[in-house]
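So, here come the structures, one by one.
Paired with chain B in one complex and with chain C in the other, chain A is shared by the two complexes that follow.
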Partner chain A sequence: MTRGRLVWANLMRHKWRTLLTTASVAVAMFLFATLRSFGTTLDSLSQFGAANRMVVRHATAIVFPLQMSYVQRLATVEGVKGVSWANWFGGWYQDPKVFFANFAVDGPSFLALYPEIVVPEEQKQEWLRDRAGAVVGVDLMEKYGWRVGQNVVLNGTIFPGEWQFTIRATYTSKTRAFDQRSFMFHYAYLDERTNHQAQPGWFYLDIANGDDAPRIAATVDGLFKNSNAPTKTMTEQAFQASWMGMFGNVRTLMNAIGLAVVFAILLVTGNAMMMSARERTREVGTLKAIGFSDGTVGLIELAEAGSVALTGTLLGVGAATLLWKNIRVAAIEQFIPGFQVAANTMWISAAIALTLTLVSGLVPALRASRMSVVAALRTVE
Partner chain B sequence: MALVEIRDVHKSFQRDTQRIEVFTGLTLDIDDGSFTAVMGPSGSGKSTLLNLIAGLDKPTSGTVQVAGAVVSAMAPGELARWRSRHVGFVFQSFNLLPVLTAYQNVELPLLLTRLTKKERDERVRIALGVVGLEDRMHHYPRQLSGGQEQRTAIARAIVADPTLTMLDEPTGQLDARSSQEVLALLQRLNTEFKKTIIIVTHDAHAAERATTTLHLEKGDLVEKGVVAR
Partner chain C sequence: MKIPLIYNVRSIMQRPASTVMTAVSIGLVVAVFVAMLALATGFRAALAKTGSPDNVIVLRQGANDELSSGISRETARIIATFPHIAAGEDGLPLVSPEIYVLLNPDRKTGGIGNVVARGVDDRAFGVRKGVRIVAGRKFNSGASEVIIGQRIAERFVNMDIGDSLEFGGRKWAVVGHFASDGSGFESEVWGENEQFMPVFRGQVYQSVIFRLAPGAALDEVKRVMESDPRIQVSVRDEQDFYTSQSGILSTTLTIMAVFISTIMSVGAIFGAINTMYAAVASRSPEIAVMLTLGFRPRSVLASFLAEAGVISLIGGVLGCLFALPINGLATSTTNWQSFSEVAFAFRVTPGLLVAGVVFAVVMGLVGGFFPAWRAARLQVVQALR
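Our next item is the complex of A and B:
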């Protein structure tokens, strides 16, 4: 037998109590890791963006359109290798409440700018040939059971009416930051159906050197400063960050809920450990009478609290990490693609486990170590 | 030769506002290799005396010396180490850890030594053999009778080969037959294995087995009897 066996034996004294306490820590830490991951994933998404890509949007807000005529002028800016454009379509499929991202993009330039989007070459050519064709992420295809060649009708909100598309291609993404749940079709089709009234929502710039981004941004914004649609040009990363900034309060709320859950469990665990320690007061006296030192007796109590806290944390954070790494939940992915537990969440969880150990185990440990042998032996249990 | 030397020991307790004097200048010796029964009415200070000798409690003043070590002057950490080497303690209500088997309970004091697992195993088996519980070593306390539990507790007390084995009312919760078994065992430990045993008891049969009897009354040693064997 070892002292570790003694700790284990004590934990197994009330199996259900230990199991339930550990499970409550696991659930709390699972929730904490999951809720915190909203914030960390948003942070990582705001870091997403290639060094050679910039976004040009309306200076006031992205909801205001730009003008197609800007393309030629943007292409002439020194350091700009290519220009692409897109617009938010905002259509719904079958049910207005069911949402997925759908955009009008300029196919050839968009695909050239985003090599991380992988489209099989044959399908790509099919899509580029069909003006009413669409390229759809594989996750969205799977969700609706769509197949290549199928006609899909989207109901426009910004651009009213029924819009029929033929799925010509599917894409996969090399990065979790670009989701596989988007529906993209040709800007030319949007333009045609709206009698050439469509205007780009934003432009993408392919720049030769990322270091030139500040100069290019200043140049572009200077070009359109006095126009009807002044621009705000930024790196793709800054553009992402401005999107993610919209989640600001949600992120704080999620973190607050996560910490509140952990705090509640801290009280529950502390209570369980105190109960467990009180029930064994006489045994503490016996161990001390045998010759166990005050410190050793205290450490045994602390080790019990630590075992519960660490096991619960490992189970909870481990489950959250594995789950969100391997399973993509549509409801989360469509808003926060690449949702997963960040490495720093694991470190923070480890720190919480340590705190949980100290807070729930320190009082029983100190009580056990400070109690006189005679007083402990006199305790009636 | 005196193994335990108690000199001018005073011990008092504070109960609420009342100060209770248990010993007021107690002086006595207990010989090495003796089987001493401490007797006396309730409240006479028997258990307190045992606790002082075992280093579980400290005198208000005076000295308690065991085998040359001044127990009453030791710091808590030093006292714990000393207890692990020199004292085997048996309680009236056995005080076995219910989550451990008889074997594991007996092994507990050896966790404080530098013995190897094999050496510990040998010692535990010998101790359980001495008390006649080889066939119950993997039973939990709840699976043992009262007498078997107390014999396990005695095995735990002797397994580390302590200088002193002390028992506080060891037969208090046992039936007559179990009591006789336990007392016979203690006598055997004293005569055959030369263990120094101090037992606190109300039981006259227990006292009959002892080589020395100390009679306490209101904290004073009123009688010391030595039986020649």
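Our next item is the complex of A and C:
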């Protein structure tokens, strides 16, 4: 009998126990990977942002509007290649409780600034031609079963009334940090319908050189410091990251729960391993009596613990990775778009599997390798 | 005849390591369960306390939150003339027209927050009974001064007394910190409404709060005000209003608590099954003896279930002990419904602890059932061999 087969035979002795222990490791690691992904996804979202883009918002809070006249002055700042502007619309479709992002943008400059947002060329021209046209993310199209060319009515909250748009184009996003469930339409249309009372909520700056960002931020904020609407300018990445702070202590909370899960499972597995080792004390004596070395006997115990821990981890983390990669849960996506298991979570899980092996297998392994043949054989179960 | 419980207790004590491990793993599940529900409870409690049942909030007709509401000066004046409003000691009505905006101050830990700035009337301190200054003083009427809720004072920069905050194109001296029994107001910045009005949204208030006169009924006020042709308002009980704003988040937290602890409990139940199977296997001869002595299989089943119950009870109590220290721990999150930051404290209530222990015992009984079943069905002859 080879050593591998000995390990296998031991595992198969109590099929249920092996199955249950492996399954509980799998469940725990699934939970751990999922919980950790809240933090890592937030991190990757807060790193989203091209080096050449900056955002200008009102210094007090983003809910306060800026002024359209800023465009010309922003464009003259050295290092600024282009300016785009947008405003939050905050409308709802059919059900006021169902939220999706919808905002007004300056079409041509916005698309030029965001090469990550891909719109088929023909549709793009259609959209730019239609003042009341909208460009909609493919996920949102699918959710509502919309077609290109269809008219949809949004109910405004900030800008009251019913607003009819014609969907002229759809987009896909090349970065997971910009979701595919936004609804964008022409700022000019918003301005027209509100009797030219619309004011931009924020500006995007296209800058020539990312290293200039601090200087440009200081220059822009200096320009408007004493105006009615002072500004706060930051890189797109800083802008994104600042929103992530809104999640407060979510990350700490999730990580704490993840740790509790891992620790609980450590106890369950350790307990199971020790139990199965204790039952085999006499066999250890037999193995040693027929010539197995202390090291080999210990290694067999360790290998048993290792196969349970590794299989369980592989199943759990694998399931989490596949599940979150392929299934978009709307409830999560609306807060944290692009929710998925990060690569470093897999490495950490591998490390946990190793720890689990050592902690649950080491005690039985040492006990087995140190036990004398006589003592082992004398044991009564 | 029943097998005495002491048999199980002694058996458990025979194998302390495995008992402790199983109990602790059940305890951890219970701790997570209790902690997450304590988070939801604390959040709900903070918002529920924000309102007072004798207060009434008036918003623009159709507005669901203060941010999207608007009440003109004229409307506010008309509201103040209604006879249903309680009078203060000076005989004037207890009514506070308020400004409500969001600020984005910098966090001490980096990033920005969404903090409510509320411009209140001087009478607001009479309308809202629980609000009291804990450090410094109240803002002076006509001055560019603000007071800060004590829960956010330490979380954001420039919020200590003596600092000054810059927003709305002006500098505001921080002159005091205030408390309000842990309610949502403790996460807000308060200043005078007449000072906030010109720098924010122009000549409108967002809401009017008043104290209901003794004997006046909310339904009556609601009917009279909402049907008054001079004003277009919706009238709500203040406590109801703030409690309803906690709905989405506290539901999400509760669902998450149940989801996570259910998954975790699967692991803990496996642990209990393992432990109990091993206990049954190693005591087969004992069980056989008991059966031979005339104990019914039913009694054996009950006995092993009781044993699992005892282990899980220990686990449940341990879990509650793990979770207790978080009671009162302050945390904060964004209330997505009002888009503003709310700081609050975890609340471990006796009800949650009981729920935790019950959850533990259920896990134990589920995990103990099959092993106990096996014990009860043991073939005497085989087991004794």
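Throughout what follows, the second predicted complex is superposed on the first by the 376 of 381 C-alpha atoms of A that agree within 3 Å, B and C clash if a C-alpha of one lies under 4 Å from a C-alpha of the other, contacts with A are read in each partner's own complex, and residues count from 1 in each chain.
As a working rule, contacts are C-beta pairs under 8 Å (C-beta built on N, C-alpha and C of every residue); 3 or more make two chains touch, one makes a residue touch a chain.
Note that the coordinates shown come from a computational prediction; the quantities given were computed from them, not determined experimentally.
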- Message: Taking the superposition on A as described, I'd like to know which of chain B and chain C A:16 touches: first, second, both or neither.
- Response: second
- Task: Answer with first, second, both or neither: which of chain B and chain C does A:60 touch in the superposed model?
- Result: second
- Task: Scan A:373 for contacts with chain B and chain C and give back first, second, both or neither.
- Result: first
- Task: Considering only touches as defined above, state whether A:158 meets chain B (first), chain C (second), both or neither.
- Result: second
- Applying the touch criterion given at the start, work out whether A:290 contacts chain B, chain C, both or neither, answering first, second, both or neither. first
- Between chain B (first) and chain C (second), which, if any, makes contact with A:305: first, second, both or neither? neither
- When the two structures are overlaid on chain A, which partner does A:267 contact: first (chain B), second (chain C), both, or neither? second
- For chain A, which side has the bigger count of touched residues, chain B or chain C? C
- Message: Going by the contact rule set out at the top, does A:3 touch chain B (first), chain C (second), both, or neither?
- Response: first
- Message: Touch test for A:111: chain B only (first), chain C only (second), both, or neither?
- Response: neither
- Interface residues of chain A shared between complexes with chain B and chain C: none
- chain A residues touching chain C in their complex are 14, 16-17, 20-21, 23-24, 27-28, 30-31, 35, 59-64, 157-158, 228, 230, 241-242, 244-250, 253, 257, 260-261, 263-265, 267-268, 270-272, 274-275, 279, 331, 335, 381
- chain A touches which residues of chain C in the complex? 17-18, 21-22, 24-25, 28-29, 31-32, 35-36, 39, 67-68, 101-104, 107, 109-114, 166-169, 200, 252, 260, 263-264, 266-268, 270-271, 273-275, 277-278, 281-282, 331-334, 336, 341
- Contact residues on chain B for chain A in the complex? 51, 54, 56-57, 76-77, 80-85, 87, 89, 91, 95, 97-100, 104, 107-109, 111-112, 156
- Task: Provide the residue numbers of chain A that touch chain B in the complex, in ascending order.
- Result: 1-3, 5-6, 9-10, 12-13, 282-283, 285-295, 372-374, 377
